[in-house]
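You will see two complexes here that share chain A, one where it goes with chain B and one where it goes with chain C.
Up next is the complex of A and B:
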C-alpha cells in the first residue's frame, strides 16, 4: 500500500538514517491520522446500531410517543414533513439563488463583477451557528409574530440554515457545465430561458440533486434550532402551519438519553437508529450520484 | 379576462373562439410564462439571492435589539464575571436603567466564554495535524479506489447528526476515556507548569478534554477535505523536482507541499474553528453543561456558550421579566460576533490562496 520512495543518489540530499527514520515516521503518521479519522465513523454508527438492536421492536414505527415511552411514529412523520417542507422552501430559494449567482450575476453594465455582496452574505450565513438561528426564530417568529411553536417557524429557520449549501452547490454545478453547451444552445437560436431549462440546468441536475440531498441530511439531523421553533408534539403531525408544534426524531435522542428510565433510553436509541438510517440513505445517495456523474464527466476533478 | 388574453396572445380578443375552460386558462398562463421566461429567471433569482443577505441582517438585528437592554444592565461584568444567577424569579422585580429584571439577578459569562475557547483550542490542536496527515495520505500514498472510499467515509462523518455524535460521546467514548485512558495520563504526568494541567481527578468522562475530542472529530472533515483539495492543486513539477533531488516524502511534504498551501491550511483551520465554537448539541451532551465553573484541570466539567444557549432555554422561560431570555440573546450576540470575524478571516485567507499557479516564492 505504501509506495517506497526511490532514493536517488545525490549530493544535495545525502542519505542518512535520520532522514529515513523521519520519512517512515511521516508515512506511519499519515496513515495513522487517516485511521483516526475513519475509525470513529464506523464506531459511531456501530454504537448507535448496537444500542438500538437488542431492544428493537417494530411497533416503534407505528405507535406514537406517550410520555417517555410508546413509539416514534409522530417523530418519524414529523421529520419527513419537515424534510419535505425544507425541500420545497429551501430547494426553490436555494436553486434560484444559485442560478442567479452563476448565470446572471456575472459582469454588470459597468464591467464590475456583481453579486459579490450576495455571495459573501451566503458564505457568512453558512458560518452562523444553528443555535443562533434557532434563537432568532424563537424571538422573531415564535414569540414576536405569536406563531407559537409551529411548523412554519421551524421550516423557515431550517431553510435559512441550508439555503447557503444549496445555493453554493447549484452555483458550482452550473459553473461546471461546459461552455460549449451554452454556445451550442445559443448557436441553435434557443431563447436564454429555454436554454437554461433544457440544456444548462439539465446538465447540472445531478450536482443540484446532490446538494439538495446533503441539505436534507443536515436539516434532518438538526436539533438545536428545532427545540426553539418546532417544540415537541406527541401526536401525528397536523395539517397546520401555525400554532401547532410538531415532533421530530432528534428530540427523543436529545431529551430522553439521560432520563432515569430504561423505557426512555430505548426510545432515544431507537430514534437515533432511525435518524441514522434516514441520514445515511440521503448521504449515500448523494455520494453515489456524484460518483456516477463524475465517471462520465468530460474532465475528472483531480 | 380580455386583457389577460391580449397579453397572452397579442391578438385581438374577438379573433379567438376558445371556450373558457381550465385548460385554456392553463395554456394562456403557460404562454405568458414562456414569453417572459428570461425575466422570471432573473427576477426570481435576484429575489432568492437576496434571501441570505436579508436573513443575515435580520439575525444580527433581532439578536442585538433583543439583547440591548441586557447589554446595558449586565455591562462589562458580563464578559469578566463568573456568576450566573437568574435571581429570585418569583419575587420582586427591580429596574436598572429602566430595564426590568428579577431581584438579585447577575450574569457573568466568563466561564462560558473561557470554556468555549478552551474546548475549541483543544479541538484545533487535535484536528489540524490529523487532518493534514489524512490529506497527505489521501492525495499521495493510497490507491485511488481506496482513497475514494475513505474520502466518502470522511464526508459521511461530516453529515452524521451532532446529536448522534453526542450520544456516542456521552455513553461510549466518555466513560471509556474516563475509566481507561484519563487515569493513566493523569498518573504519569509530571508536576511541572503545563503538564500539571493534565493531573488531578479525572471525573466521569463529561468534561473539557472529552468535549475537545468530540469537537475535533466534528471539524476534521471540514479541515481535511479543504486541505486535500489544496494539496491536489499543488502542481506536480516542484514535487517531482524535489524527489529528483533525492528528498524523501517527508521532506517533499514539509518543504514543498505544505509551504505551497500554508495560508490555505490556516484558512481551513479558521473554518473548523468557527464550527467548533458554534457546535451546540454534541458539546451540551459531553461537557457537563455547567454555567459558572471553569474546568480546574483538562478533565473537568465545564460549559460553552452554545451549549448554555440550548440548555438554559427552559429556565429562561420562568423569568417573568424576560430578562434571562435577553441575556441569552446577549450570549448569542457574543457568539455570532466572534464567529462572523473568524469565518470572514478564514474565507478571506482561503480566497487569497484560491489560485495556486504562482510559484511558491517561499525560498524553497
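Up next is the complex of A and C:
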C-alpha cells in the first residue's frame, strides 16, 4: 500500500534529474553502510558456526574441561555467574549514576553544573583499555588485598569497565523522556521520586535495557581483565567470592587456540559458538522484555 | 453573549460573599449549605507579583484576584507572559534557573510560597491542563488515577470507581469503557485532552489552570471542552489562557489582558471586550494586533 502511494505521488510530481540523482546516491550510500555493518557480523557468525558445527558434541555442555580437552560446562556456568554478577553490581551502580546525572545533577538553581566529577570519571573510565583495568585489578585486588584469583575481583573489574556504558545509556534515555511527561507529573503534585519510578523510568526503560545488554555483551566477551582477576578453573563454580578462581568462555577461545591439539582447537570454537548463542539469547530476551513493558509507549501508536 | 450573562447569574447564587448587598438576596438555608461559605471570596490573589528569569523581567507587578467559581480568560499577544503567570500559580517556575519574584500569590489567603505550604498538595489543589495533551505511557485507567495513587487518595477497588466517575464526568466513559487497559495514545487528540482533564479532576483540585487547552483540537472537540469547562464551575475556579478571542468571550466571566508582562486591563469579559478602558486592549481585542 505504502509503496503504491509513493509511486503515484512521484509520477504526479516528477522530480528533477538532480534530485533523482541525489536520491539514488543516498540510497546506494545507505545500502553500502548497511552492508559494511552487517557483513562482518554475518561473516563472523558464519565462520564460527561453520568451524564449530562439524565436530559439535552435545556433551560439551555438560562436562567440565580436563586439561585442554573435555567439555565447557565449567566455563559456561562461570560466564553465566559473571554475567549475573555484573548485571546486579554494575546494573545497580550504573543506573543510579545515570539517574543522578540526568535527574539531579546540573539542576542546581544557580545553574552551575553539578555531577561534573562523575561525568568526567565515567568518560575517563570508558577510555581506559580493559587490559589496563585488569592489571590494576590484579595488583590491587588479587595480590594487594590477597583475594587471589576470585569471582569478586573479576566482578569488580568487569563492573568498573561497563558502568560508564550503563550510566551513559541511562542518562541519555532519561534525557529523551518528553518534558510533557515530567510536567504532567509535576502538575499533578506527584513526588519527584514517585514520578521518576512510575512515569519517567518506565519511559526510559528500553534505553536502559539496551545499555545493560551492551554491558553484558561486553563483559561476556572480555578476556584480558579476566585473565588477571578470575584466573581459570576447570571445576563448576563454587559459591565463594574470594580465593576461588572461576572459569569463563573466553579463556578457551584465547588460550586453547595455541595448543597443538585438535581437541583444544575444537573447544576454542565451541566456546566461541556458545558465547555467540548466549549473546543472541540476551538480545532476544531484552527485546521481549522491552516489548512487554512498552505496551503503552507513545511511539507504539499503531 | 446573552448566554454568558445568564450563566454568570445562575452560577453564583449559592456562593456566600462578604458583600452585604448580595447577602440579602441569598436564601439562608442554601447559604448555610454552601461548603465555601466560610472561605474568602477570592481563591487566588496575586499581589504586585513581579517575576524575572535572570536579568529578564517577565511579569511586572501583577495584582489581580480570582473569584471563587469563576472562569477567567487570560489573553495577550505571544510572549507576553501568559504561560509564565499560569505556571507561577502552581509553582512550576520555581526551579527554572534565575527565577526570582517579589510580591506574593495567595491561595485561600495563604501565600503559596509560605513555610507551611506543602508544594505537592498545592499542586493537587491547583491542577493544570496543557496545550498538547500529555497522557502518561500507561493504560487509560491508570492515567486517570495516576495522581490519585500518588497522593494516596484512594486505593484498590475505589480506584476503578473513581476512574469511571471521572471518565463519565468528562464524557469519555462510553468511548473507552471497553478499552480501559489500552494505550491512551490510540485515542484521538480531543479524547486524549479529555483524559488529561479527567486525570486532573481526579485528585480533587480547587483551581484548574488551562494553557491553551483547545488550540490543538478541532472545533467540535473545542466546543465540547468549552461546554465541559462551564459545567465545572462553580465548584472549581478556572483560569484559561487562550489566543482564541471568541473562546474567551464564550466561556469566561472575567478577562485579563496581559501585554509585555504588564496587566493592562482586567474585569468582566463583556467590559474588557466592549468597553475597553485602554487603547492597547482595544487594539488587541479588535484583532488589530497579533
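Definition applied: the second predicted complex is superposed on the first by the 238 of 302 C-alpha atoms of A that agree within 3 Å, B and C clash if a C-alpha of one lies under 4 Å from a C-alpha of the other, contacts with A are read in each partner's own complex, and residues count from 1 in each chain.
Basically, a contact is a pair of C-beta atoms (placed from the backbone, for glycine too) under 8 Å apart; a residue touches a chain by one contact, two chains touch by 3 or more.
Just so you know, these numbers come straight off a predicted model, no measurement behind them.
Student: Looking at the overlay, does A:194 come into contact with chain B only (first), chain C only (second), both, or neither?
Tutor: both
Student: State whether A:16 touches chain B only (first), chain C only (second), both chains, or neither.
Tutor: After superposing on A, A:16 lies clear of both chain B and chain C.
Student: Considering only the touch criterion stated at the top, classify A:27 as touching first (chain B), second (chain C), both, or neither.
Tutor: It touches chain B, and chain C stays clear.
Student: Based on the superposed arrangement, let me know which partner A:48 touches: chain B (first), chain C (second), both, or neither?
Tutor: So A:48 only meets chain B here.
Student: Looking at A:202 after the superposition, I want to know if it touches chain B, chain C, both of them or none. Which is it: first, second, both, neither?
Tutor: A:202: touches chain C, not chain B.
Student: Determine, for the superposed model, which of the two partners chain B and chain C contacts more residues of chain A.
Tutor: The partner with more contacted residues on chain A is B.
Student: For chain A, give the residues common to its interface with chain B and its interface with chain C.
Tutor: 191, 194, 302
Student: Taking the complex as given, what residues does chain B use to touch chain A?
Tutor: On the chain B side, the touching residues are 34, 37-38, 40-42, 44-53, 55-56, 58-59, 62-63, 66, 129-134, 136-138, 140-143, 146, 148, 150, 152-157, 159-168, 170-172, 217, 220-221, 224, 232-233, 243-251, 253, 271, 274, 277-281, 285, 306, 309-310, 313, 325, 328-329, 332, 335-336, 339-340, 342-344, 347.
Student: Which residues of chain A touch chain B in their complex?
Tutor: 1-3, 5-10, 12-15, 19-20, 22-23, 25-27, 29-34, 36-38, 40-45, 47-48, 51, 92-97, 99-101, 103-105, 115, 117-118, 120-125, 127-133, 135-136, 139-140, 144, 160, 163-164, 167, 191-194, 196-197, 214, 217-218, 220-224, 227-228, 250, 253-254, 257-258, 268, 272, 275-276, 279-280, 282-284, 287, 291, 302
Student: Tell me, which parts of chain C touch chain A in their complex?
Tutor: By the definition above, chain C touches chain A via 90, 92, 95, 97-99, 119-124, 127-128, 130, 132, 134-139, 146-147, 149-151, 183-186, 196, 199-200, 203.
Student: Hey, which residues of chain A end up touching chain C in the complex?
Tutor: 107, 109-111, 178, 180-181, 183-191, 194-195, 198-199, 202-203, 294-298, 300-302
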